[in-house]
Structures are given as C-alpha cells and as structure tokens.
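You will see chain A twice below: alongside chain B first, and alongside chain C after that.
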Partner chain A sequence: METLLILLLMPLPAFMGRVHDPSPGIFQSKEEARNLECTRLSQAEAHERFPGQVPEPPARGSWAVTDALACSRRFLRIGERPARDEAVLSALRQKVGDITQTASALEAGELTWHVDAFYPEPAVAAKISVAAKTDLVERGRKVSDRVPVLAAGDIAVLWKLPPQQAYPLACERYFAQGVLTERDVFLGVMIVDPRETQLHAGLCARGEWRWLQ
Partner chain B sequence: MLSSGCVTVYQPLVSLQRPVVVDPRIANFEGQRMLVRCIPGDYLEPGDADQLCRNVRSLFTKQGAQVEVEVPRAGMSARGEQDGPKADLIIDLRARLVHEESSALMGVVSGLTLTLVPSISEFTFAQDVTIRDSSGFQLASDTLQGRFIRYNGIGVWAVNSALDLLVRSDEEELTGDAPKKDFSRDFHRQLSQLAFNAHMRSWVMRGFEEPPRGQESLPSK
Partner chain C sequence: MRPAFLSLILALLPAAVVAEESPLTDAQRAQLETLRGEIAAQIQLQAYDLLDELVFGWTEQPVFALETPLVLADVSVPVGFGSGMQALIENHFASLIVKNPRTRVALTHCPQCTSVVVHSGATGTIVSRGVDEPEALSKAGTLSGSRHAIFLDFEIEGAALVLRARITSLEPALPIIYAKTLSTSTSSPALLRTGDRLKSAAEARQEYVNALQGRSLYQVPIRIGVRTYATGSGQVRAAPMPWLQAGVEGSLTQARAWTGSFLVGFSWTPQLHTAWMAQGRLSRLISGTTSSLTGPDLYAFVGGSVISIHGPAALAFQDQVPDLDDLLALLTGGGPDATFGALQLGLDLRVKNRIGVGVYLESLPALNNAPAIGDYLDIGILQFHSLGVEVTFCF
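Take a look at the complex of A and B:
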C-alpha cells in the first residue's frame, strides 16, 4: 500500500511546478484555457510590462529561458456574445484606426465629418460609430454628432439594392437633397457579408462615393 | 504501451482562438482560384511543407475553390508566369519556432524512475499567413501561434486516460489524437475566415466585380 502511495505521489512535484501553467490539464479545462489570451514575450518586453513578476534580463545574456508567456483573461467569456460581434469588437480600435487613417488622408480640408455604421446589431453599430468618431476627433477632424438621414422614399428604394449600388446612390441623394454640402464628408463603416469579421468603409464627398477598403 | 505513455497538450495562443463566423464545411469560395504556397524554412521541412499544402488544398477544395499548391525549393518558385491562369487569392504560409523548452535533468530523473516522474518538453510555433490578390496587393495577414506541451510519463498518461474515460466530456479529452484534432480545427477555421475576409476585401476593392475569367482551369498537381 505504501509503495503504491509513493508511486502515485512521485509525479506530484512535477505537477505542482506547473500549477500556474495556463495550458489545459489536470488543474484547468480546455474551456477555461480558451478564455485566456496568451502571447509569448521576450524577457525584456515581459519585464517592462510585468516588472514585479519578470526579472530584468542579464546584461550579458543568458543560456537559460529568456522569454515569458503572458496571459490575460478575456473581458467576456467565449460564447457570451455572438462570434462576429466578438471578433469585430475585440479589435475595434485597430480596425477603426486603419479606416480613419485612410479616410483622413483622402479628405484633408476643413470639412465637417459625419459617421454612421451599418451593422446588423444596433448596439454594435453604435459602438463602431462612436469609435470612428472618437478616432477622427483624435486626428484633429471636426466631427458632427448628426447622422445624415434620407427621406423615407429614398430609404425604401435603397433598402432593396445590393451594397455596390446602395451606398453610391445614397451618397448622391445626400448631396442632391442638401443633407450633405461641399463642406461635409460622410464616412460609412459596414460589413458586406454576414460571414466576414472585418469592417469595410466608404467615403462620400461632393456626392461621390469611394470604397476605402 | 510505452508509446502511449505520452500526453501532448495543445494550447491555442495568439489568433488561433479568435471567434470565427465562416463555416468551413460549406461552399464559401465557389469558383475562386487559389494558389497556396507553403514556404519551407528552418522550421518547415520541404516534406512537411508538401503535407501542409495538401491539407490546405483539401480544406479549400471542400469549400468550392480551385486550388493549386506550390512548395518553392531553395527560394525558387516552381510556377512560371505561363503556368495556368492567375489565381484570385495567393496564400503564403510560413512556419517558425518561437520557443522551445525541455530539461535534460528532468529527462534523467524521469528515466531513473521509469517515467513515474514525467519529463516535460514544450514548444511554441508561429504560422505566418499572408494573402494577396493576383496583382500582389496584400489583402490580409496574420500570425497564428500554438503551444504544445508533451508530458512523457506513465503516471500522467494513466491519470489523464482515466479522467478522459470517467470524467471529461468528448470536447475536453486530452489523450489520443485530441491535440491534433483541436489544432486542425482551429487552424482550418482561422485560415478559412482569413481567406474569406481577404476574398471579400478583394471583391469590394474591385468595385464588386468578379475577376475576368478565362476558359482554362487551374492545373491540378
């Protein structure tokens, strides 16, 4: 009996040394492990981000392990919100930043910017829109809170058109109805296919629509 | 029995566990022409690159694409300018080792205890994916990182086999070919999503027009 107990206890020290390991195993399920976002960092980078936990790398280098695995828990667990919303929102700053950078470079004058997002989920659309407006303000643009709105008849027609026709036509109508003037520019951020996890964008200036990405 | 004394655990790192919308079992790339290039390097032997390319070809063929694969040798492309029509999407795959760790001391102790004390080794690799259109414009790129930890010990294997048999659900199992299946599923889903996003981006940038089609089809290799 004692021998069996000793045999069973022998692997224990090896496991106790891995209690904090984020990989799935005896102490952690696969699902729990998937709710961590882990990335490998060099020791220097890890020391900069976690100075209390990772020592400074030796000045003369070392033969020992010189990197760290840094993990953080997801804000929302996997499955708590739809996959597309999660994919878009978890990288929103970067996605929107790329769009506003391109848009700003194309329209550099003293213009008033209007932004709207076309996304199936209104709460997510609002977040995308606010993120784009904030980013434009940070880039020194004058941004309006007003969302340009077309007449009900226009919307009824546009609703039935595919995106390649709907957005350019909406842009023309904005200009023709005076909703947007030559001093205004409209940035539309949208998804085109429900299966994609990236955002597209187009710019409406002087009645002309241009796809940015 | 001895070969069964190993438990390999897979942990998805950067990007490999990102939420995916596209379903790789349906025809997402109907009529699309793809060129998949698996570029050998320090971490990807030409033989493994061949296998990777075949695997990816099967993934996209099932989704309706016409796929050609290529493993450039010594930095030279095997595909000339005249070899068949231009692909709509060109997918470059490169693999590299990010981290490797094992302890010789633990290996000795493990050997002396007949693997009752397990030896543990691990490695982290990165798969760099770049997708371009036929003109060379970069449509998407990403780095997918995965970590594999290998426990070599009869005790570890026995405990995990018992847990798999008695406690864990099918999705939570760790032994057998679970790590291979889990990694393949993650890799296929991420690659499909990345390619679909690239395809959509290309379509939008072309003004929603389909690329011009010749009568010829991609040669199968």
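Take a look at the complex of A and C:
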C-alpha cells in the first residue's frame, strides 16, 4: 500500500512545475494562454524585477544559460474591445513612434507642430493624437495643442472626396486661409480604409502635403 | 385556421427568442462587470504607480522655477473604462501634489476650464472646452490665476499601462511646455510607494530587496510539540510526551531553499519522566525555489536526535518487559533511564519564516524489539514508531 502511495505521488513534482507554464495544457486553456503577454528576461533582470521569486544569479557565473519568462495577463482580454481599436491601441506607442520619427526627420527646422488624428472612433482618435503630440515633444519639437480647423464650407467639400485627394486639398486650404503659416507644420494620423488597422500619416508644410506611410 | 396559427407562431417567435437571449446577455454582462471590477483594481494600482513616478520626477527636476498654479484639465482613462477610475486618479494626483510641495506646482480650481464655453467674436462663434479657448477664459476673467493646464492620459497597450502627461500653457497658441510618457514595465507589480515619501522606482525596488535580504541567515526557533508512540505487543504503553525545544536555525542563502537547525529540548511530566534531547535537522524547500514573503513555504526535512529519558516512563523504552527488579529499583529511588537515537522524516509549513506547523514520523532503530513500542509505518528498512506534531516560533 505504501509503495503504491509513493508511486502515485512520484509524478506530483512534474505536475507542480506545469502550474506556472504559460502554454496551453492541463492547467490553462488556449483562450487563457492567448491573453498572456510574455517577455523573456535574463536572470539578473528578472531578479531585479521579481526579487521574491527569482534568485540572484551566482556570483561566479554559471555554465548554463539561465533566464526567466515573465508573463502577465492583458488588462483587457481579446474581444472586450472592438478588434480594430484593440489592434491600433495595443501597439500605439510603437506605431506612433515610427510615424513621429519619420516626420521629425523630414522637418527639422524651428517649426510649430500641430497634430490631429482621423479615426472613426473619437475616443481612439484622441488617444492617437495625444500619443503623437507627446512623442513629438519628447523628441524636442515645439508642439501646439491647438488643432487647425477649416471653415464649414471647406469641410463639406472635403467630406465628399476620397482620402487621397481630401488630405492634400485640406493642406492647401489650411495654408490659403492662414490657419497654418510658413512656420507651422501639421501632422495628420489616420486610417484610410475603415477595414484596416494600419495607421497612415501625412505631413502638411508650406501648403504641400506629403504622405509618410 | 392553419395560416392563423402559423401567423401566431411567427408573431410570438421573436419574443420567445428575446426571452431566451435576455438572461444570457445579462449573465454575460454581469460576468463582464465582475471582470472589469477585478481588472480595474489592478489598473488602479498601476496607474497610481505611474503617477507616483511622474510626481517624483517633478520633485527631482521641477517643471517650473517658481510655484505655479496648474489646472487639472483632463484625465483620460483607457478606452473601455468608466469615470470611476477617473475620479480615483484625480484624487491620487491631487493628494500627491499636496504632499509634495517640492514639485512647485499648486493645483487650482477652474470649473470653466473643463466645461464647454461659447465665445463669440469678430471671427465667429466658437463652442469648445475652456482650456481649448484660453483667450475666452481670459476675457471672462475665469482663469483663477492659472496659466497652465495639465492633461493626464492613460491607455492600455497589451499588458502595459501607459501614462502620457502634458502641460500646456494657456495662451492663444497653446504651446505644450512639458510632456512625458511613462509605461509600466512588463509584468512588474506595482511598487506601492507612499505619497508623502516618494522615491524612484529603482529605490523602491531596492527597498523591497533590502526587506528580503534584511532577514538574518540565522534564526532562533522555539518549538512546542507532542510525540506519541505506537502501541506495542506488551502490556505497558508509552505515554505521549510534550516537548519544549530551542536552538538555532541557519540557511546558506537568502533564498532559504536549504536550512539546517540544531535544537535542544526538555520534557517533563509529573511523577513520570524528565527527558532531554539534542536534535539536528536538514530541511529542503519544496513549494518553490525561494522562500516567499507573502505566501506559506512548505519544507520537507530529515533529522536525527538523541533522547534521554529518566523516570518511570523510561521503562517503556527498553528491549524487555519490566520485571520485579525494575520495579524494585524504581521504589528504592534508582529510577530507570533510557537513552536512544531517533531518525525523523516530516513536513514543516512556514509562514514568512516566523511561524511554522510541522508533522513528522520518527524511527527509533534501537527500540525495534521493544515490547511497549509498536510502529505506525513499516517500509521494510525503517519502522516509524513515533508520530509527532509541533508548532515553531522563530525569532
């Protein structure tokens, strides 16, 4: 009886190890696994962030390469926000960072930057706009919180045009109406097709529109 | 009749479908609300952490040279979250500013700044938030002395929470004079700093490490336990013995994966026995690789001890049935003695290495043939004669 008990208990350590495994399996469904974001860290970095869980690397080093996989659940599970919004927002920093890097490389002078985002969902548009403004200031650009606006008649015309024509024409109108001057530059971030999740961007300087991506 | 019946069925079908769907939708909504509440509790701590980091940065490198009035113009929470979180963030931010005058920022009240204002001028009529039309506020004299507004924007990007803070000067051009992006590190728990003694994330983390390492490698355990002995084949039965032990316990590293201890113990029962013990143990952490500050730790241990018993109770710990000579010796004052060795195998559950509860089996190899001592477990090479439970307090 005792031998049987010992034999039954022998696989227990192996199962205990599987409890913390982020991959789908006995203790975790595929859906739960998809909602995890994992990052591989060196043992030293993992010890700094999780000193209670990860021991300090041996002072004399180790022959074996040791690292840690830090996983945390997404704050909002996949499916809780509309798929397009989630795709844009979950990589906002990286997407907007790429755009502002390209834009600030093209216009390097002492200019005042204005930013606006064109996205069907106003709350998400505001997030994109704020991210771009903040990123530009952190890159050392002079940024204004004022959003250039056109007259109602201009907007009525622009509304009917396809994006490829509307944005260049809007840029011309900004300049013609004096909303933007020689010392201003306007960065527009938008999605062109409502079905896509890729952010596009254009730069309006001296009445000339340039697509960045 | 039949078309009328079909029409009735078709008319009632949508209602039936709705009736079928409604409870499910409500249940889903309730589950979603529960989940949201649970997540918001975590997000709230992470958001506090980011605000702490922002304000700590201002105490180290103030944005303004002199104390400057500042309007909290807008707090934007992640898309999908409600105004409850917004209120918590506003309160925490205000609390941090009040507790940290070194930021050189004074929060001012400006209800017109955040509300929608209508301004008619030569260029037309503009409807906007006050902070977006500062000249309108200025003309109305409602800026309350503040010339700057702060906007706090939180957004969830995967498993990270990102704070984007910007301060705008309330002049017609609305220049942004300060902007900062802060993000929670992947998976790192919130540092939970106190608002009145803010410190950097690195310092707070170091403090936590110091708290971990502050535990001495040596502890003084005091242990109270009871041993019971299995009934043997003889007429005499060994009575349970209470023990009080004290000694020293040490570990090689702060992980406390391996610990060793040496304790001496004393046991006394009126009219029955006086006993001494010296015991050594080697323990291995089996519930993880390092001991936890927040959860219990489970150790498995092996140990050895030498026990010496004096008094009538020692008669049970002999290889023979007590005879008349033993009883005569007892009556004449020359009480029996028993000294034997023991091997232990057990489990010890510790909480923060301060309090522990243990259970163990003990083998007395020298007493395998003692008629008064039986065994609880026989695994062939070892017979476990004694079962003990104990509570340990570490100092």
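As a convention for this text, the second predicted complex is superposed on the first by the 167 of 213 C-alpha atoms of A that agree within 3 Å, B and C clash if a C-alpha of one lies under 4 Å from a C-alpha of the other, contacts with A are read in each partner's own complex, and residues count from 1 in each chain.
Convention: a residue touches a chain if its C-beta (ideal position, glycine included) is under 8 Å from a C-beta of that chain, and two chains touch if they have at least 3 such contacts.
Model, not experiment: these values are computed from the prediction.
**Q** A:Val192 contacts which: chain B (first), chain C (second), both, neither?
**A** first
**Q** With both complexes overlaid on chain A, does A:Thr39 touch chain B (first), chain C (second), both or neither?
**A** Both partners.
**Q** Between chain B (first) and chain C (second), which does A:Thr134 come into contact with in this model arrangement: first, second, both, or neither?
**A** The answer is second: A:Thr134 touches chain C but not chain B.
**Q** Go through the superposed model and pick first if A:Pro120 touches only chain B, second if only chain C, both, or neither.
**A** A:Pro120 sits against neither chain B nor chain C.
**Q** With the two complexes superposed on chain A, say which partner A:Leu92 touches: chain B (first), chain C (second), both, or neither.
**A** The answer is second: A:Leu92 touches chain C but not chain B.
**Q** Please report the chain A residues shared by its interface with chain B and its interface with chain C.
**A** On chain A, the residues that contact chain B in one structure and chain C in the other are 37, 39, 90.
**Q** Considering only the defined contacts, which chain C positions touch chain A in the complex?
**A** Interface residues on the chain C side: 32, 35, 39, 42-43, 76, 78-80, 132, 151, 153, 155-159, 161-162, 164-166, 168, 173-176, 178-181, 183, 185-188, 205, 208-209, 212, 253-255, 288-290, 292-294, 377, 379.
**Q** Note which residues of chain A are touching chain B in the complex, please.
**A** Listed in rising order, the residues of chain A that touch chain B are 7-8, 10-11, 13-14, 18, 21-26, 29-31, 33-34, 37-40, 65, 67, 69, 78, 83-84, 86-87, 90, 162-164, 192-198, 200, 211, 213.
**Q** Per the contact definition, I'd like the list of chain B residues that touch chain A in the complex.
**A** 9, 11-14, 17-23, 28, 98-99, 101, 106, 113, 116-118, 120, 124, 145, 147, 149, 153, 155-156, 159-160, 163, 168, 171-172, 174, 182, 193, 196-197, 200-201, 203-205, 207-208
**Q** Quick one: which bits of chain A touch chain C in the complex? Just the residue numbers, please.
**A** 2, 36-37, 39, 48-56, 70-77, 80-81, 85, 89-93, 112, 121, 123-124, 126-127, 130-131, 133-135, 137-138, 142-146
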